[in-house]
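Scrolling down, you'll hit the structures one after another.
Shared chain: chain A. Partners: chain B in the first complex, chain C in the second.
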Partner chain A sequence: MAINQCELRPMGKPIHRKEDPRFIRGQGRYVDDIVLPNMLYMSIVRSPYAHAKIKSIHTEAAYQVPGVKLILTGEDLEKLNLAWIPTMAGDVQMVLATKKVLYQYQEVAAVIAETRGAAADAAQLVEVEYEALPVVVDPFRALQPDAPVLRDDREKQSNHIWHWEAGDREKTEEIFQAAPVVVSQNVRFQRVHPSPLEPCGCIADYNKATGKLTWYVTSQAPHAHRTVLAMVSGLPEHKIHVISPDVGGGFGNKVPVYPGYVCAIVASLQLGQPVKWIETRTENIASTGFARDYHMTAEIAADESGKVLALRVKTVADHGAFDAAADPTKFPAGLFSIVTGSYDFQQAFVEVDGVYTNKAPGGVAYRCSFRVTEAAYLIERTMDVLARRLNMDPAELRLRNFIKKEQFPYQSPTGWTYDSGDYEKTFKLALEKIGYHELRKEQAEKRARGELMGIGISTFTEVVGAGPSHSFDIMGIKMFDSAEIRVHPTGKVIARLGVRHQGQGHETTFAQIIGEELGLSADDVLVEEGDTDTAPYGLGTYASRSTPTAGGAAALCARRIREKAKKIAAHLLEVGEADVSWNGEAFEVKGLPSRKVTMSEVALAAYTNLPEGMEPGLEATYYYDPPNLTFPHGAYIAVVDIDKGTGAVKVRRFLAVDDCGNVINPMIVEGQVHGGLTEGFAIAFMQDIPYDEDGNCLAPNWMDYLVPTSLDSPHWETDRTVTPSPHHPIGAKGVGESPNVGSPAAFVNAVVDALAPYGVEHIDMPIFPWKVWEILRQNGVTE
Partner chain B sequence: MKNYSGDFTIPVSREMVWDFLMDPHKVGPCLPDLLSMDVTDKQNFRAKVRVGLGPVRGAFDLATTITIEEPGRSASMSVKGGGMGSGVDMSAKMFLEDLEDQEGTLLKWTCDVVVSGPIATIGGRLIDGQARKITEQVFENIRNALISSKDGVAVANEEAE
Partner chain C sequence: MQIRVTVNGRVHESDVEPRTLLVYYLREHLRLTGAHVGCDTTTCGACTVLLNGKAVKSCTVLAVQANGQEIVTIEGLERDGELHPLQKAFWEEHALQCGYCTPGMIMTACELLARNPFPTEEEVRKGISGNVCRCTGYVNIVKAIQSAGRQLAGQTADPENRSEVVSSGN
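And then the complex of A and B:
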C-alpha cells in the first residue's frame, strides 16, 4: 500500500510517513520527556466550588512540605498585573482566582516544588476558605433577568456576552410567512472535549543571565503563543523562544493560553529555574478548552415539492465563565453561518447569543473550523425532519436542493463564497457505493418483521483554511502562513513552516509538495516546525488550515526557488533563460530534451558555479495570504441496527465519500478520515460533559467521558471525488475536520430513521443505549 | 443539591432517643469510619472520617452543629467541611414521634447534601448509593447503640430487683 519516500514526483502518492518510525517505537519527544537541570515542578490548587467567594487563602502549612519553593496566588499575580489576562475572544480571564471562583476546577493557587510529588502534596495543604454563591449552569436560566450576575467585573451587568447575526432577517421573514411548508426543530450539540492523548503542559525556563525565556509547550500555534506571551508579560518577543516538540494530539485544545502556562512562566521568572507543569487528565477535561455546547433551533421554509426556500436559526452558546473561545475576532460564533450547508437557500438568517455560566471557559473548535460542526449537524438533522414531514426520501430531498456545480463560485445567503464543488456527483457515488436502494428494500423487509434498522445520510460543506487576512485573525494578528526552504549544495532540502503538526503527517505531506515542485523526492526534504527561533512566523495548525495556507506557502516558496534555479540552469546549459523549460524532474533545453540538468546539479552550482553577478545560495521564504477559504465537501451514509432488548445501536456500515480537492498523500487523508470518523462516532454515542445543578463537572475523566477504542469503533469505508480548489496553488482544500463535521448527523439520522415508525423525530446526542431503550419501552417494543 | 429522607423505628422511648441524639459523645461514634473526634460543646463537634468513593480516597474533616428546634421532638444538624480538595455541606432535620402502641419511637429524617470537588465529580456516579449506605449505617449504629443501652438498663434493672 504505502510506497517508498525515494519516489520522484511524490505528489498524490501514498508515501510512507516519515514520522511513524519514531512514534511507533516510542521515540517521540514530548514536553514531559524533557528534563532540564535544576528543574522544578508545579501543581495547581483548584476550586471544588462552581461559584464561591474566596474568603481567605492560607499557604503556611503547604510551605512546610520539604522541597516547596514558591506558592503563587491571585494576589501575587495582581502585583505583576497578571491576575487577569485577555482572551482570544476579546474578553478577560482570571489566571489565578481573585475574590471569587466562577467554575469548578478553576485555578486558585500554584505550588512549585523540587519534585512532582512534593508539589502535589503541598497543593493539598493550601487552605482556601470559600463561601458558596448561587450557581447558574443552564444558559437559558442565565439569561433570565433575575439570574445572579456571574461576571461582576464587567461593565455590562448581565450574563449575556454578545449577540451576533448573519443573513437578512426581513427577507427571510417574508419567505417564511408565505411558505407552504415550515418545519422547526430544537437540537442540542452537547459539551464535548477534544481530550488529546497528551494533556496540556509546559516547561518555562528563564535564564536570568541572558534574559531569555525558553518555553517548551505542547502547542498548536507556537508563534501566536510567543506573541501573546510578549503582549501579556512585557517580555520582549525576541527574547521568548517557544519550542513545541512532538505534540500528542491537539484537536483545538492546544491553541489557547491556559492559566498554568502563565503561572509556570511567572514562577520561572521569579526563581530563575526551569518550572515544569503537566496537567492531569482530570485537569485537562475539566478546565481546558471544551467544544460545542450549542442550543440551537432551526426552521426551514420549503414548498410542497421539497425545494427549500429559507432557513432561520436561533442559537444560545454556553461559553462558561469567560468568553475564551478560539474564534477569529470578526466571528464571535465562528463560521457557524455556514449553516445553510450544501443547499441552495434563497435566504437565511442566523443569530447566536453567547452566555456566561458557571462552567469551564474556553470553547475551542474541536476538529472543526470554528463551529462548522454544530452548523453541519443542525442543517443535516433539520433536513431529515423536513423529509419526514414531506414523507420524502431524505436522499431525494437532498438531490433536489444541492447547489449545482455550475453555480460555483457560489454566494451563500450568509455571505460566504464557496470556491468549488460537485455535490451531486459525490452524493451519487456514495449512494451507489453503499447500495442505497437495496438497503431501503432490506429496511422495509426488516420493518415488516419487526426489526429495527436505520439509514442515515449527511452531506456537508466544510469551510476551512482560516487564512485570508481580510477576514481572519487571532487577537488582531492576520492569519496568513509561511514557508522557508533552503536547498543545500548536494540538493538536499530543509524546509521550515509556520504551522505546527500534532500527528497529521506534515513532515511527509509538505516534503511531498516541495519535492514535487523542485523535482526531488520526499526523502530529500526535511520538514521542521514548532521552533519559533528557526521557523518563519505562522499562525499554527488547527481548523484544517495547514494545507490550504502553509501548503500554498510551501508550493509558492518552492516555485520562487525554481525561478532562480532556472536562471542557473540556463547558465549551466549555456542557453538563454527563455530556452529552458521545466519538465517536472529537470530543466531541459526546449526542443532538445536530452540536454538537461537536475535540481541537484543546479543546487551545487548555486554554491560553486554561478552566472556572474548572481547572489549565491538557493533559498527562499514565502508568506502566503490566501485569497479565500476552501470549501471541501462530502457525503456520509451510516447503516445501523438496533437491539430491541437493550437499545444498543450497532453501526453495521459507514461510508464516507470526501472531496477535499487535490490529494497530496491519499494514505494520510484516509488516516485523517478514519480518526475523525472515530471521534464523530464517540460524540454521537459516548461523549458528553454534563454538570449537575451545583456546577459539579460530572465527567472529568476517562471513566465517565468515554474515549472509543478499536473495539468500539465501526469499520470505516472511504472513497473520494476530486474537485480542486480553483484559487489554491496546488488545488488542495484540507480534510482533517470533515469527518468530524459530517459524521455526527449521519449517525443520529440513522438512529432516528430506525425509530421513525414510533414517531421519533429527534434524539439529542450522545445516543446512549438507555435513551433508545426508553423510547422502545414507551412504545411497548421492549419490556 | 441532593435530598435524602427516610424513617425507622427504635424500640425505646422518645426521651431516651432524644437524650442520645443530643449527646455528641454518643452520636459521634455512630459515624462509620470515624478516625477521631473532638467535642467542643453540647452543640458542636468536629469529626475526622475516612472517605472512599471510587478512586477518591482520603479523610474528611467535618464540623457539626446541632440545633434544637423543639425540645424532645425535633432538631436540625449542619455538617460542613471536606478534604482532598472536595467540600461537603449537609443540612439534616430529625423528627421524633411516639409510636402508637407506646413500644418505641419513630425517627423521621430529611437531609439536603451539597458536595463539590473531585468527590462529586470523579465519584459522581457512586455518590447516591454510597450516601444511602452511609446514612443507613449511621442510623443502624444509633439504633443498635440505643437497643444495647436499653438492654443494659434492663439488665441493670433486673439486677436491682
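And then the complex of A and C:
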C-alpha cells in the first residue's frame, strides 16, 4: 500500500509505522505467543495475608496433580541463595517468602507443571499455614516509634527507609520568614498502577548441554535484566541470552525484575526444560510495580504581586514492603527535585522520606522520569492555590513567574540545568488556541446562572533522557545508550539499539534518524532491538529516554559512518577529502555539485573498491553518554462542566501544547501525546489502589481498578512549539511521558476552579463523582 | 471433548478439555495468536473474535460452546494478500502503538461496521467501549474505524444520508 517512507530526508515526516503490518495482521510476537518444545507452565501461590508468619508449607497434595514437575518454596531458594535478591534501589526483596509474608499476594510458592491448567490446579492445593501479624498500611503510622517493625531483616529497627533532600534548607527558610504571602497545601498522589495491556511474563529456557539460558521476557531493559540475572544467579553473563520480543505496553511496569521471573529461571535450571510464566491481571496489579503513593505538602512563599520566591516541600513516600523502586541509586526520590517546575524560584528545599508498609513493593516511575509526575502535579496544584489566595487569574500568575527564554540554560535551585525553553510562547499559544479569555467570560455567565464550569491550567517542565553518567546509574551501571549500524554492500542498513520499545515506534523513528544522517530512505533501514546477543549494551526504554539517549547514539553512529564514507567518496570522486562535501543526500565535489556519489554507491565501494590500506566494511558502534538531560515543556488547558445532580465531571475540551524540541515523526509524537493524556485522565478521575486496614488490596483487577474506555476518554486537541535542545545531536527532547506528567494537574485544577465559588481549594485524586457530589451536597447545591 | 469448529474458513476437529476457553483453544491448539489475553475479567476485549459474525470476547466463551460454529479471527481478515480496510485504516491513521489490543479492537470494529457503515464518533466510541487500549487515547482509533467504514461502503455512498443506514442501536 502507498506509504511514504521511500522518500529521502525522512526526518520530521509523518511516516507510517514500519512495525504496524505485523500487529494489524495479528502477527505480533509477544512472550505468551511463543511456544517451545517440552515447555512447562508455572503458577504462583500467593499470600492471602498482608502480614503473617509462615508456620508451614505442605506440597504433598499439590504434587499429586498429574503433570506437576516441581514445586519451589522459599526454603528451596534459600539453598541456592536466591530466596532474597537485590532490588534496583539498593534494597533486598524476597523472591519466595521465607518465615513471613509482608503484603497480600506476596509470592509464597511456585508450581511447575506440564499444562497451564495443571499448574493452576496444583497451586490451589499447596497448603500454607499462616499466623497473622499486626498490619501497617498507613505510612504515617509506620513512622511512629511504637509501630510494628515490618522488616526485621534490616539492621535499622524502624520502617523508615531513607531520607533524601535537594536544595538549600536554610536559605529557603530565610525567604519564608520574610515573605509577605505564604500558601500551604497537602496533596496526595494516590497509588496507581501502569497496567500495560499485556501483563508481565517470561519463558526461561536453560540448555543443560550448552549451559546457556535463553530468557524471553516482557522487558523494557533487556541488557540491564541480563546483568542483574548474572549478578544474582551466578550464571555467566555471556551465557544469558535475553530476548524481549514484542511488548504489549510497559509504562515503567516492565523495568523491575520480579520474583516470578526468578522462579521460572530456577525451575528451568533444575528441570532443563523451558518454563513459561504469564501473570494474571490480578497478579500484575496486586504484586508488580505500582506507582506514586506520595503524601506531599507544598508551601510557596511569594510577594503580593504574585512573584514566587521560594518553595518548600515535604513528602512521605509509601514504598510498600520492599524498596524495589526503579530509581537511579543516587536519587531515591529521583527527579522530584524538578518540583520548581517552569517557574523562577530563588530558592527551594525538597525532602522525601521513604517508608515501609504492608503493601506491594516496587514503586516504578509510571510513564515519567523517576517521580517527575508527582512533582509537576504538586507545583501546578499549589500555584493554583496561590492564585486563589491572591485573587489572581491562574494564567496571569504563571505568566509572571515563568523562567524567561533568555535565562536558558537555566540553573534551577535544586541543581538541574534546564537546556532550553520558551514557556511564555507555548503558554500564549495554548491560551489563544483554546480561547481562554472567551472561556472565562462564558464561565462568569454560567456562574451567574448557577452552572458549574471550570478551566484548569497546567504548565510543566519535564526532565527526560535519564542518561548522563555523571548523575545517573542503575545498580552502578551508568545510563548511556547505544547504537550499532551496519551498511550492507547494496546500501541497505541494519541498525541495532540498546533500548527496547513497547509501542513507541522506534522501528520507524530510528530508521528516520539514521536515514536522514546517511542520505537514505527510512525504508532502507531495518531497526532491531531487544535481543542481547545482537544489540549493543543499553539501559532500556523508560523515562522518555530513548530519543534523548539512543536517538543521540543513532545520529552520532551514523555520522561516524559518514566520516568513513566521505573518505571512500573522495576516492571514488578522485579528489582530496577536503574537496568533498555532504549535501544531505550525497557526497559532492565542492563547487561541482554535478559530480557526486550516493551512500549506496559508497556502500558498495566499501566492500569492492577501497582506498589502499583502508579497512573494508561500513559499520560503526556508538555509545552515547549525553552531556545533560533534556527538558521538554508544555502548556495544557482543560475545560470541564460538572453535573450538579450527580457530581459527574465532563471534560468538554482538552488542549495540549507540547514542546519536545525537534520532532522526528509528528504522527508518532501526537499518538504518544494522546496516549499519555488518556492515562493522565484516568489518574485524575478513575484510578486508585486502596487497601483496607487489614492490608487487603481492594482493586486487584480491571473491574475495580478502572482503565478508561473510549466512552470515558475525552477528545484530545494538540499543538506544538519547537525549541530544540542545544546539546542533543538532532535537537530532540523526548515526549512520551510529558502528557501523563502534565495532565493530571490540568484536570484537577479545572474541577477545583469549577467548585471555587464554594470555597474549595483542593480535592485529592481520583475525582470520583461522589467526591464532587458530597461537596455540592455540603453546600446545598444538591440533595 | 471432541469439537468441530470452522475458523477463518477452515474446519478444525479437536479434542479439548471441557474447561478450555475459546481464546486458549485458538491460541494454543490452533496457534492463532492474534487474539490476546489482557485482563481475565472480560474487561479489555483484547481477545475479541467473531463468532457467527458477532464480536465476542473469547476469554468468556468455552471452546466447547463454539462447537459447530463459525469463527473469524484477525488472521482471517486479509484476503488474497489484500488487507481488510480496517487493517489499512488502523495503519494509516496511527490507531495503534504496542499493538496488543489491535486485533480485538479491529474485530469489534468489524461487527460494528457490518451493522453501521457510517457511525458517528459517538457511535464508534459506544461500539468499541468494551475494548481497552492503553496506548492511543482512542482518537485515532475512532478516525480509523470511520475511515474504514467509508471505504467498506464504497466511495460513492453518501455518509450524510444516514436514513438508509441501520443504526447500531446499543
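Worth a mention:
Please note the rule applied: the second predicted complex is superposed on the first by the 780 of 783 C-alpha atoms of A that agree within 3 Å, B and C clash if a C-alpha of one lies under 4 Å from a C-alpha of the other, contacts with A are read in each partner's own complex, and residues count from 1 in each chain.
Just so it is clear, a residue touches a chain if its C-beta (ideal position, glycine included) is under 8 Å from a C-beta of that chain, and two chains touch if they have at least 3 such contacts.
All figures in this text were calculated on a predicted structure; none of them were measured in a lab.
When both complexes are overlaid on chain A, chain B and chain C end up sitting side by side without clashing. With both structures placed on the common chain, the touch criterion links A:P245 to neither chain B nor chain C. When the two complexes are overlaid on their common chain A, residue A:V35 makes contact with chain C while staying clear of chain B. In the superposition on chain A, A:G503 makes contact with chain C only, not with chain B.
Figure note: vertex chain A, arms to chain B and chain C, all at CA centres after fitting on chain A; angle 70 degrees, rounded to a multiple of 10. Of the two partner chains placed around the shared chain by superposition, chain B and chain C are both touched by A:N701. Looking at the shared chain after the overlay, A:T282 reaches both chain B and chain C.
When the two complexes are overlaid on their common chain A, residue A:H674 makes contact with chain C while staying clear of chain B. Shared-chain residue A:G117: touches chain C; no touch with chain B. Which of chain B and chain C touches more residues of chain A is settled by the count: it is C.
Between chain B and chain C, the shortest distance over C-alpha atoms in the superposed arrangement works out to 8 Å.
Shared interface residues of chain A, touching chain B in one complex and chain C in the other, are 282, 701, 703.
Looking at the complex, you find that chain A touches chain C at residues 1, 3, 16-17, 19-30, 32-33, 35, 116-117, 195-199, 246-249, 251, 278, 280-282, 502-505, 667-668, 670-679, 701-703, 707-711, 713, 715-716.
Here chain B touches chain A in the complex through residues 1, 54-55, 82, 84-87, 89, 114-118, 120-122, 124-125, going by the rule given at the top. Listing the residues of chain A that touch chain B in their complex gives 45-50, 104, 124, 130, 132, 282, 286, 692-701, 703-704. Interface residues of chain C facing chain A in the complex, by the touch rule stated above, are 17, 19, 24, 27-28, 31-41, 43-44, 46, 73-75, 77-78, 83, 87-88, 90-92, 94, 96-103, 106, 121, 124-126, 128-142.
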